[in-house]
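There are structures below to look over.
Two complexes follow with chain A in common, the first pairing it with chain B and the second with chain C.
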Partner chain A sequence: MTDVPTSVKPPLQRRFISDSAFPWLFPLLALLLVFAVYPFFYNIYLSVHEFVPRRRALEFVGSANWVKLFSDSRMWGALAVTLIYTGVCLLIQLVLGMLIALLLDSDDPGFGFLRGLLTLTLVIPPAVTAMIFLLLEDANFGVMTYYLQALGLLGSNPILANPSTALMGVMIADIWQWTPFMVLIFLAGLRALPPEPFESAVIDGASNWQVFRRLTLPMMSKVIAIAVLIRGIDLFRTFDYVYVMTSGGPGTATYTLSLYAWQQTFSFIKWGYGATLSLFSLIVILVIAHIYVGLTKLKW
Partner chain B sequence: MLSPGQRMLRALVAWMVVGIFFFPIYYWFTIAFRIDKEIFEIPPLLLDFTFSWQSFEEVFGITIGAKGGLEVVPGGGNYYMVPRLVDSIIVAVGSTALAVTVATLASYALSRMRIPGQHHFVFWILSTRMMPPVAVAIPMFFIYKNFGLLDSHLGIIIVHALMNLPLAVLLLKSFFDDIPQEIDEAALIDGASRFLIFRKIVMPMAIGGIAATAVLCFIFSWTEFLFVLTLTQTSLKTVPVVSTTFVTSTGTAWGKMAALGVTAMIPAFIFILLVQKNLVRGLTLGSLKQ
Partner chain C sequence: MKFNHNNRKRYLASVTDRYVKGQMDRRTFLRSAGKLGLGAGVLGLSATMPFGGRGGFINSAQALEIQPDADMMAWLKDAAKPFAGQTIKLATESTPPSNAINSALKPFFEEATGIKVEIEVLPLEQVLQKLTLDVASGLGTYDLYYIDQSWMASFSGDVIDPREKYEANSDLAMPNYNMDDFLPALVDGISMYDGIMVGVPYDIPIFITMYRKDIYDELGLKVPTTMEEYMANAVAIQEAKAPEIYGTTGQMKSGHYSLECDWTCWLWAHGGSIFGPDGKFTGNDDAGMAAMEYWIKLKENMPEGVTTWTWDGQGQSVLQGIAGQALSWGEFFPWWDGPDDSKVSGLMEAAVPPAPAAPLRTTDQTGYGEIPGVGHQGGSSLAVSKYSKHQDAAWLFAQWATSFDTQVYITALGGGTGPTRESVYDDPRIKANAKPGIPGTTRHLDVVRETIASHMGSEPDLPEWAELSNDTIPVELGRFWAGEYDSPKAAMDSIAKKVDGILKG
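On to the complex of A and B.
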């Protein structure tokens, strides 16, 4: 090789030196390996063990945790709560988000300011949002409680202490914080639409609803699909609001899978079972998300 | 087209709807700035509350004298939160620096080089964004316990960086993809190394995107709750977690909690207004451009 001038390296060697992706990816791979892959396998390891307080040690229990999981009525309850929470919040945020986006899609003075104002909810820590709504929904001096009662929409039962309204009380916090997320994404989609099809539709005498149904919605389908995926994942993983506002109560009315797994691990020292629950919720979300991405043909 | 009357009506409805959304923020600010006993008034005081710095004084461990001079309270008092704000800043800045550095390198490679199985790799990174935090926090607790990283700034910095990596990688990749490949190729032919091109050409061109990514990483670390709750005990707590400790069996210190919350919100508000242009792209992990 010594007879080859350094500036004209053979193609293969040059490629190897200057174009290998590995050094660029190495820090990312190392971090993900140590802090994402390893914990995943550690979770699997934990799920076939259980902590025995008497011996202060983990003991191998085989599939016992998984058998327990599928016959645990509280797990099924938590899964149901999680799915209801995800479905209801997603639907409301989707519809409300679209309506507000259509409302704010204007170049009139003031609308840019309103759009900016709406983004502020997104950067409040969810735990603080939970606190804000804990105050607004307080049974004695909460603003929401006071005005809902004044309007006759709410009885004397406190919102968060009543099993039939507690979940709604928590969901309101989520809906308040994340509807603007949908609004922003839909607004970006609406503003990127080409004007020509809409102009010709108006000339052809199409009604507003027809334009929305036949033009806006289909042209926005990718935008909507992305928003639903991201929001759906975050809703399914929800923890902060329920942990702060109700801790799963009253009874088990607001137990989500994440909260149940966390409590089993850290409140009841069921390390193995907690890990099993968290693995289960991981599997559920990955399966749903992969089917969804396949159906909607989303690409990154 | 809308008639002037319809436009007026639209503006009116828009202001009302955004007003409803803004109300909880407004009310939380008033809670922070009012005297304690007025928090419990019925009907609730929405406009005519008594203004006071009292809650902020307690949170910052200072008293504002009659002549406007500041006095530091020795020991800070029960609600002294300055160390917790410092914790939050250390964790958010540290994790942002780590995530953005690692992600910038990786996304340059993902944007520019042929990598076998690239599509699957990108999708796998996206999948890690889907992991429920609790499924990471539980094993992480035991791993950190073994490595002595529990209750340390470094431990939280790493886990927050990890949490932000999928966002940072996918978002930065989308920004790098916007820069024409031909620029790199021209420089390569001129004999520049990949790293030189990256440092001198591509990075300066993508600096706006890198800044937007950093802002979003900062905000997600700043607002994160579950990892800090799980992986810290006494020596550090960030604002979201310490906020919840204001709830005690003898009552909730709403005023102080709101004062701390407001203090934490203001930098985040400023940051988010700075990145409005790239916000939607960030929130959708680089898949939608504005």
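On to the complex of A and C.
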């Protein structure tokens, strides 16, 4: 007679099957912990410390960095530039993106190819785009400068050396590179719209404008809202274009918050103040995004 | 053997294939490539920045003839036996010496010593970040530090004084290294801080006068010996040639260190200084105002783009033939004189900077070790980290990299970069390249040597200088050139207030 085991072991492969979600979430959680959660809390830690070069040490400074931040006129100037940059670029990219998307929303031959071309600007690194526009806008060698001057739209003052035109000079590079991103998102939304309401509207004699205003825009509102949110956050942390094209100049005319935070952190080794600036940027983005999500009734 | 275009390509493909497969050693490959008139460029040795910049150029002709000093290499082989297998690391700016060592010379050191050398070539500000992180952590990630002259105060406590190292261990003291051979002005200007020798002089970009001889001859201009003559020549060229060719050019991008470099040149040349003996900013005094007036007038004879250019754009403006003269980095000269991409090849000449318009201030009239001089220098030194775990291996490398023999090759391969050793200037191999219109000409080096000896200006040494010279001063100067200040006095007063505020903490 053989002994009957009191408990039966599951087959080997059963050990790798579990009803718990944790094993499946673990890789993602680990990544989040290492690359998001830990840096976030370390940033908070840094914001109440400051690196003292002479003593080669991080020293606790309490709220000094935050006090300094709110009394720092450079920071407020950089925030204003960032908000203007974000607002203007977003508006132009939104309008241009929608116009181009409407033009390309067709099944006629060749339109697929045109839509494919839109991805080209997106694969260029922003720093390279900035170098291209730096040359295009150069006062002596720049093609853009030459034609703007020939048309009487620009004086002898270089675009990027004039406080009143420098920011626009940088924004042109951003708009050129990222408008196609908006077009692609809008095109995806447009092509997913059901045709029936549009056919009914045409039968009822609605004009193109009425169709766009009464049907396309409302039906696309969530897509537009998502696109604006993604681009808005991206624009708010703009760094590459200003770093390459103007270094924040002339003076402080194109200093963005990201550039200022980077400079304080890495050029001047003020790790505490740099962390405070980046936390402040995060808070501003979160507040604006929260209000925006509330206003547009976006659901995640 | 005579090559037509197709034969050249076939020959190159063949030798490259054999080199890659290990059927040909590096030296034979270089010699073979040299038959095509190709050189270091084939191996990716060229290390120019987008506009050429201060990165320097590899002289292909010299790349074929590297034969390190046999005695030195034999000594290295012997001295390095205990350290064979170690790896040492250096983070450095993209400068001619670093590029030449990293691209072409390093294998000779590694082969002789068995020490592996890892060199990270980075933009200057990233080098500063890496060094700061290294000294803050004390980990000794980098065994060697590339120390810009403006950082000496910050890192003087984190390095080993090379004089002490040389004397402390005779087994590791390179025979005939001869520390006295380093140009004395350089030792004071880029290596010494508060009695400590922070590192050995490594490279020396310095302002010299460079001008278009063809234009000078055409207009009957003399080489400027005074600031007034320099201005007069700029005005004369401007009146005769603009807008095709401007009187002079600049590196005046707002918020960039290059703008501060230009400013100090004019400031010192008018008897001014950045700091007074009490440590307060003095760029807003009478001499400072005279300098600004001069600079404003000079800018009227520059291309419109100067306020958007760093040294890259300035170099490009001369290269493209739109500027008649410049008082700027001597490292530009071989680039402009080279036959490949320059419109002014063979047309340039070099001269020492003009005499100052007012007596230069002495060091006891300035602050933080500032040494006024029209020839603004941006040199650096090579230092052994006191946190390094391979200090002896790093010290061997530092000696080899700054030895006479290596400096000769650096100067040749680096395309006429200024050596820091007196004897290198007189070496026949360097003299042989003193010809117009060839790659990596050295015909400006006598001027460089004289400028170092008699006209050199050095920035102050203080820990806050990195912030002041890279942000506070060039940002406010940028605002001035953008028209945001009513007068130069208002701009300089504003800078004084900000600088003194930062120094007070």
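Here are a few things to note about the model shown:
By our rule, the second predicted complex is superposed on the first by the 278 of 300 C-alpha atoms of A that agree within 3 Å, B and C clash if a C-alpha of one lies under 4 Å from a C-alpha of the other, contacts with A are read in each partner's own complex, and residues count from 1 in each chain.
FYI, a contact is a pair of C-beta atoms (placed from the backbone, for glycine too) under 8 Å apart; a residue touches a chain by one contact, two chains touch by 3 or more.
Because the structure is predicted, anything quoted here is derived from the model rather than measured.
With both structures placed on the common chain, the touch criterion links A:100 to chain B but leaves chain C unconnected. Residue contacts after overlaying the shared chain place A:131 against chain B and chain C alike.
When both complexes are overlaid on chain A, the residue A:56 reaches chain C alone and has no touch with chain B.
Contacts of A:140 after superposition on the shared chain: both chain B and chain C are touched. Within the superposed three-chain model, A:266 lies in touch with chain B and with chain C [touch as defined at top].
In the superposition on chain A, contact of A:87 is made with neither chain B nor chain C. Once chain A of one complex is fitted onto chain A of the other, the partner contacts of A:156 are limited to chain C, with no touch recorded for chain B. Annotation for chain A, partner touching more residues between chain B and chain C: B.
Taken together, the two structures place residues 131, 134, 140-141, 266 of chain A in contact with chain B in one case and with chain C in the other. Residues 7, 18-21, 24-25, 27-28, 31-32, 35-36, 38-40, 42-43, 46, 100, 103-104, 106, 108, 110-111, 114, 116-129, 131-136, 140-143, 146, 176, 179-181, 184-185, 187-189, 191-192, 223, 226-227, 230, 233, 236-237, 239-240, 243-244, 257-258, 261-262, 265-266, 271, 274-275, 278-279, 281-282, 285-286, 289, 293, 298, 300 of chain A touch chain B in their complex.
By the touch rule above, chain B contacts chain A in their complex via residues 7, 10-11, 13-15, 17-18, 21-22, 24-25, 27-28, 31, 39-44, 46, 101-103, 105-106, 108-110, 113-115, 122-123, 125-143, 158-159, 161-162, 165, 169-170, 188, 191, 193-194, 219, 222-226, 229-230, 239-241, 243-244, 252, 254, 257, 261, 264-265, 268-269, 271-273, 276, 279-280, 283-288, 290. On the side of chain C, the complex with chain A involves touching residues 50, 125-126, 128-129, 132, 135-136, 138, 154, 253-256, 303-305, 307-308, 313, 316-317, 320, 322, 463, 466-467, 470-471, 475-476, 478-479, 481-484. Listing the residues of chain A that touch chain C in their complex gives 51, 53-54, 56-57, 131, 134, 138-141, 156-158, 160-163, 246-253, 263, 266-269.
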